[in-house]
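Here the structure is laid out as structure tokens; the discussion comes afterwards.
Chains: A, B, C, D and E, in written order; residue numbering restarts at 1 for each.
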Amino acid sequence: QDSISEFRIGILGGENAQDRMTSNECYRAKAEELLGVPVKLFTPADYDGVIQGLVGGSIDMAWLGASGYAKAYLTDPDAIEPIMVKTNLDKSFGYHSIGFARKDSGITSLDDMKGKVFAFGDPNSTSGYLIPSIEIPQATGASMESGDYFGEVKFVGGHEQTIVAVANGDVDAGVTWADGMGDWEDGYNSGALRKASDAGLVDMNELVEIWKSKPIPEGPIVLRKDLPERVKLDITTLTASLPYMDADCAYSFMAGEALGFQPIDHDDYISIIEARKSKM
Amino acid sequence: MLAFDSLTKRFGANVAVKNVSFSIDRPMMVGIIGASGAGKSTLLRIINRLTDATSGKLEFEGRDVLGLKGTAKREWQSQCAMIFQQFNLVPRMDVVSNVLHGTLNRRSTLATMFNLYPTADIHTAIAILDRLGIAEHAPKRAEALSGGQQQRVAIARALMQDPRIILADEPIASLDPMNAQIVMDALRRIHEEDGRTVIANLHTLDTARRYCDRVIGMRMGKVVFDGTPEQLTTGVARDIYGADADFSESATSTSIDTIETSAARAIHAAEAIA
Amino acid sequence: MLAFDSLTKRFGANVAVKNVSFSIDRPMMVGIIGASGAGKSTLLRIINRLTDATSGKLEFEGRDVLGLKGTAKREWQSQCAMIFQQFNLVPRMDVVSNVLHGTLNRRSTLATMFNLYPTADIHTAIAILDRLGIAEHAPKRAEALSGGQQQRVAIARALMQDPRIILADEPIASLDPMNAQIVMDALRRIHEEDGRTVIANLHTLDTARRYCDRVIGMRMGKVVFDGTPEQLTTGVARDIYGADADFSESATSTSIDTIETSAARAIHAAEAIA
Amino acid sequence: MTATADTMPVTDLKQTATALIARKRFIAFAAPAVILAYFIYLFFAFDIPGLVERARMDNARILVADSYSYKTHITHDNRSGGLSFAIEGENKGTYPESMIPDFVTRNGDDSVDIALKARESAQIDGSTLRYIRPDYGTVTVTVEGRDIILDTPDGEVPDWISASNARVNITGAGGRAIVTRARTEVYRYSFGWELFWFTLDSPFYGKGFGELAGLALSGDRVVADKSNLAAMVHDFWNNAMWRHKDVIWAIFETILMAFLGTMGAALVALPLAFLAARNFTRLMSIRFAVRRFFDFVRGVDGLIWTIILSRAFGPGPMTGALAILITDTGSFGKMFSEALENVDNKQIEGVSSTGAKRLQRYRFGVIPQVTPVLLSQILYYLESNTRSATVIGAITGGGIGLLLTQAIITQKDWEEVSYYIVLVILMVIAMDWFSGWLRGRLIGRNEAH
Amino acid sequence: MAETTIGQSVGAERTTEIQDAYMAMTRTKRMYGGIMLVIFIALMTSGFMLADSRNAGGFWDGILNVFNFPGEVVKEASEKITLLPALMVKFFPSLIETINIAAASTLVGGLIAIVLSLLSTRGLARFPRLIGLFRRLMDIMRAIPEIVVALVLIFVLGGGPVPAMIAIALHTTGALGKLFSEINENASLKPLEGLESTGATWAQRMLLGVVPQVAPNWLSYALLRFEINIRASAILGFVGSGGIGYDLKNAFSWGQGRYDEVAAIFILLFLTIVFFDQLSSHYRNKLVGKV
């Protein structure tokens, strides 16, 4: 099949549904112009909604996290292919999982967390679950089961929920993502903490960093494999040239300052896939 | 014309109709009387094929009625219309629609699903209602009518079937004396004017005497009397009903003139003890 | 003792009780008679404060009854017990509990919630039931009893209140003659033995004549007769009921001997037209 | 009357009665006691003491305050200079160059006075912020290179200021201020849902109702190519801040899910119900199979159906509608077949006696009888499914449910949350009213149960 | 005989008139019926098409894939079938929490509903003027979806079962309150009047006069509601509160590799719902049958 009747983009959570629509509206309009078919944005309630859509064939394109990609790949290796990845200003393409707690709790490192409540975000998040769930046990020497090292380990649903839960004191510490550059008090240069701080959701003075992962590869923009080649090519070109064509649009599409996009393929995610496999 | 040959119906151990044989050789008005449980209703239901007989034969003009199946059976049902004690109308539908149900057998299923009846049928229905004196109620819902009126709608439905035979199962048992008379008059007139056979289960002797050409008495499933109204003496009636000597006819009478005074008295007295 | 002073009750345009003034100066048994709608029930309900009067005054031993509020009002209600035509018991509850409801006013709400009735009260209740001849039904549900028995339970509840006055609104209207007599006898005996005032609405003249010390006749809200049973002639009764010359007392009688035959006839006849 | 209890002495009866009342008393105590015991168990199972500790009443205050007020951000960029004014700090709420909020006085390119509430005020002068509280004095915060210097009148840091060398947070009674190296921000809280009707870029912003009505009627066009009314509707409908268009669409999608799901379920369930009704299907095995099928789809539950379907159909209203359809097929099937088993046989017999065919028998003997029952059940479900559709939308990603839950999860746009809640309540009440009205019209008031 | 006895024939002219009038009526009826049918079909098809177009995946594509997901779950679960019992034991405490939430909210909601329903039934109300107020109050409680209240309360009260409990209880109060007051309306007022005449207080009248009459019906509706609340409680767990729904969401989100957990939870949930469904319909039949 070499033509499509519409093109459907799935957008991952992190902001509320309306804001997600708004940030991606300019990209949608450009894609529609280029492809000549209606382009629609969908904002499922969680990570899994997008992955299910890609695997089930009801979503054509999405910007996944690394773990999300691994999940989609493991569910159906023939469903999607990665095309692009975002590059940071320093040309790296990675970020970190950051463990953090409230300053007034007196917790400053994982050592203080023994017997306390620890929060993951979404099970399909790379920085909010996959990487910390592998690296933290290496640091503590115990598993992540509730009661083993931490008193309780739970999922609160997403990056924003983690931040809010820690700030509220519902949990003692949690993990989320940040690029690890810039100042802690700003919530780093980009990432979930920066967004929350910018939005006035938390006061970074009240939080401390207690753990930081090794760099995690940025998630890929993926397309469904059985899209017509033309469409794949058009979208790849559009995405790659976005920063030059329309800087504002690129800023809102990439959720912050970044250099641009560079091509990437499946091999860059093999380690993540292995990591995920190990959790199965 | 209509011949019963040792017709029997069993309900489990209970024999509702036992070895009934008689025949009706020309259109006439037949009254069937008998005590409650004598098998009157069952007999009529067997004729209309609402109930299947256990054994025996029933022929109509040489054709075996009990063996009919499918279309042929429905065809036969449309030829012998049934009138029920409780009218068995569709109360939420209007009178004309109820009457038009008499044509269901003739019309295609699809059209009737959407209540699409030919105009001619509708006109006929109203003409029949007029003949029965209730044309002005045509657009009302059946449930809005009085008992006597509803029973006349049921008769109209029966007539709409243009049947050879009309079966009436205690058509006046739910009615007050005034309405009972109107309904019985209507049935008699249909018999006389159209020449249709009418077989009516009746629970009062005087009605049977007054309207029927022939009376059949049943007791415990068996036919125990078959004769003209004149032959139906009080003694015979006692046999039919298995009643003892203090049997008084007036207690079951529904004729207006006989009951007038006693009813008035009854109502008066009933109020006193209420 | 109990004094009515131009008591009036309006329901919209309708005047149910009009300018009623009379007084009862010693414990006695008073019968109130009158046609349906004469205002008998309304009058009793005003006394018990179930209905509020529009104007007028009602005094009991010098105290203004109609002005009572809250606890004082409920206190008064407990002193003038009411017996209803339909018994108004709690049908799903056992008889003793129903009788114990007579003590509600004396007990705290919370205590009654948990059925904390003193044993003494329970024993009194049984004693009262025994006095009325229905003690053996004590553990049964009220709904399982016959009408006459239920009415006696209602009387027992009234007695349980240890009231000064017993108001009875057509206490025997739902009862058959046999039970009616038992109930009326019970009321009379309560009056005689305990010296309580009994005011009973009655719809039959002979009952009033037979049981009451004083009869009050009402018509269209007004008191049109006030006298001894002896003064209650058929002529006076005609006035009270606004009946014309063919008024016959026996039609409304509930005395067992007078109705026996006519009731039997009525039942017989009623069946015939049913 | 004279007959006393001759079967049993009265004393015995008294004993029986006392025992009876004692038993009732026991039950009267036991039932509440069991409930109480259960509540005590829950008290610990649900960790109520911990809950009391965790409860954040200040969050409740934020929630309530935020739902009827909004804040205006006055931001100075400490790196590149320049001031911006934005409602809720959002791009879409940014004041255009030519416009400033009326409580702000501009002193220069990089300097403003801001009148806050509670007689407080603030001053941004380049990278210096002065926050003035009448009963306290002036707090000065200056960004100098990599440091942020806080200066208070008495040299102490009061508890309403949170300060580190990278960030200072001032929470006053009439406003808030945050200073980081990147920027200085002052928030001023005001009452109402700002920009609800028109955003700042609309020519109709800030006009009163009378003025707008006047404009709508007058011929002078504010926007060249549209009549004023059309322009107003357009600006309102496309309001970027409140996004009325998307919200109304979302409400509509929710109702659509409920409607398609309910009606679809009714259409599927009706014929199946005949197969499950004793009086229409003689074959026990078919009846049994159909009934178990109903039990199964009901038992699996809407939640699980939603999950299963969202994989096949992706996010959107169709998924929700199908989930409702499947679950309710079970409920309807069960209820319909019960209704069918209760039909009055007389009417069917009346119709059969005329020689009617099977379908005609159902059509005239059965359907008119069960219609009121079925309709009233269907309409009742239509109303309650509007609510379910809201929830299902939150799971699958469609309709107002998604907007609502996501707005709640981000925990900052409480005014939007209140807006959605009001709309949802209105929607459900409207559907309640509508289904009641329809029921009244179709089957008459009294027959509705 | 015929002429005199059968009603009154209204004459040929009048008959024609009636026929015409009826035909006119029939035509309007058919027209309205037709219009209604067309509107209904149009609504259904256009609604279907609209939903289809606004959905990510189309109906016709999706219908072919309906069994993919259950297939994967069943496949994985059957591979690990030996683990299922252990998993079911593992998730049992969550199930208990879900059931506790449902039970607590049914109890609390039911108790409040009893009071509200008595206050808002004509003839029983303590403050007859406030009937309208209490009814609107219940309408609003019914209208708010549980999920909204739950999520808002999570913000204030933090996580845990209590927000879900309160949310469901609120809805239950509204829903049961309405049903209860419908039942109350059918209660006989006679026993009440009887109690009033003895000087009983309002609370006594309600408890002794109304409750015995209506309790079986109340209980039957409350049982039905309990069953509904178990479902609601599971769903709330799925979107953020605790219980079995939370476990389901995590297992299901992770996907392949934990489908055995998904299957175990599905089975638990299914069995629970069927169990309480049967239990409640058994008791309802018993209770209402007795009345």
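Assume contacts are C-beta pairs under 8 Å (C-beta built on N, C-alpha and C of every residue); 3 or more make two chains touch, one makes a residue touch a chain.
Everything quoted here is computed from the prediction, not taken from an experiment.
Ranking all chains by how far their C-alpha centres lie from the centre of chain C, first place goes to A.
Closest chain to the protein centre (all Cα atoms averaged), using per-chain Cα means: E. Here the chain pair with the top count of touching C-beta pairs is D-E.
Averaging Cα atoms per chain gives one point for each, and the point farthest from that of chain D is the centre of B. Averaging Cα coordinates per chain places chain A and chain E 39 Å apart. Measuring from the averaged C-alpha position of chain B to that of chain E gives a distance of 47 Å.
A separation of 81 Å divides the Cα centre of chain A from that of chain B. In chain B, no residue touches at least two other chains.
Within chain E, residues 55-58, 62, 65, 68-69, 158, 239-240, 252 each touch two or more of the remaining chains. The set of chain A residues touching two or more other chains comprises 8, 10, 42, 45, 52-53, 56, 58-59, 157, 168-170. Chain contact summary for the complex, chain D toward chain E: residues 35, 38-39, 42, 45-48, 50-51, 54-57, 59-60, 63, 253, 256-257, 259-260, 263-264, 295, 298-304, 307-309, 311-319, 321, 387, 390-391, 394-395, 398, 401, 404-405, 408-409, 411, 417, 421, 424-425, 428-429, 432.
Residues of chain E touching chain C in their complex: 188, 190-201, 203-204, 207-209, 212-213.
Chain A meets chain E in the complex at residues 8, 10, 40, 42, 45-48, 51-53, 56-59, 71, 74-75, 122-124, 155-157, 165, 168-170, 279-280. Within the complex, the chain D residues that touch chain C are 1-5, 7-8, 10, 13-14, 16-18, 20-21, 24-25, 28-29. Residues 346-347, 349-357, 359-360, 363-365, 368-369, 371-372 of chain D are the ones that touch chain B when the two sit in their complex.
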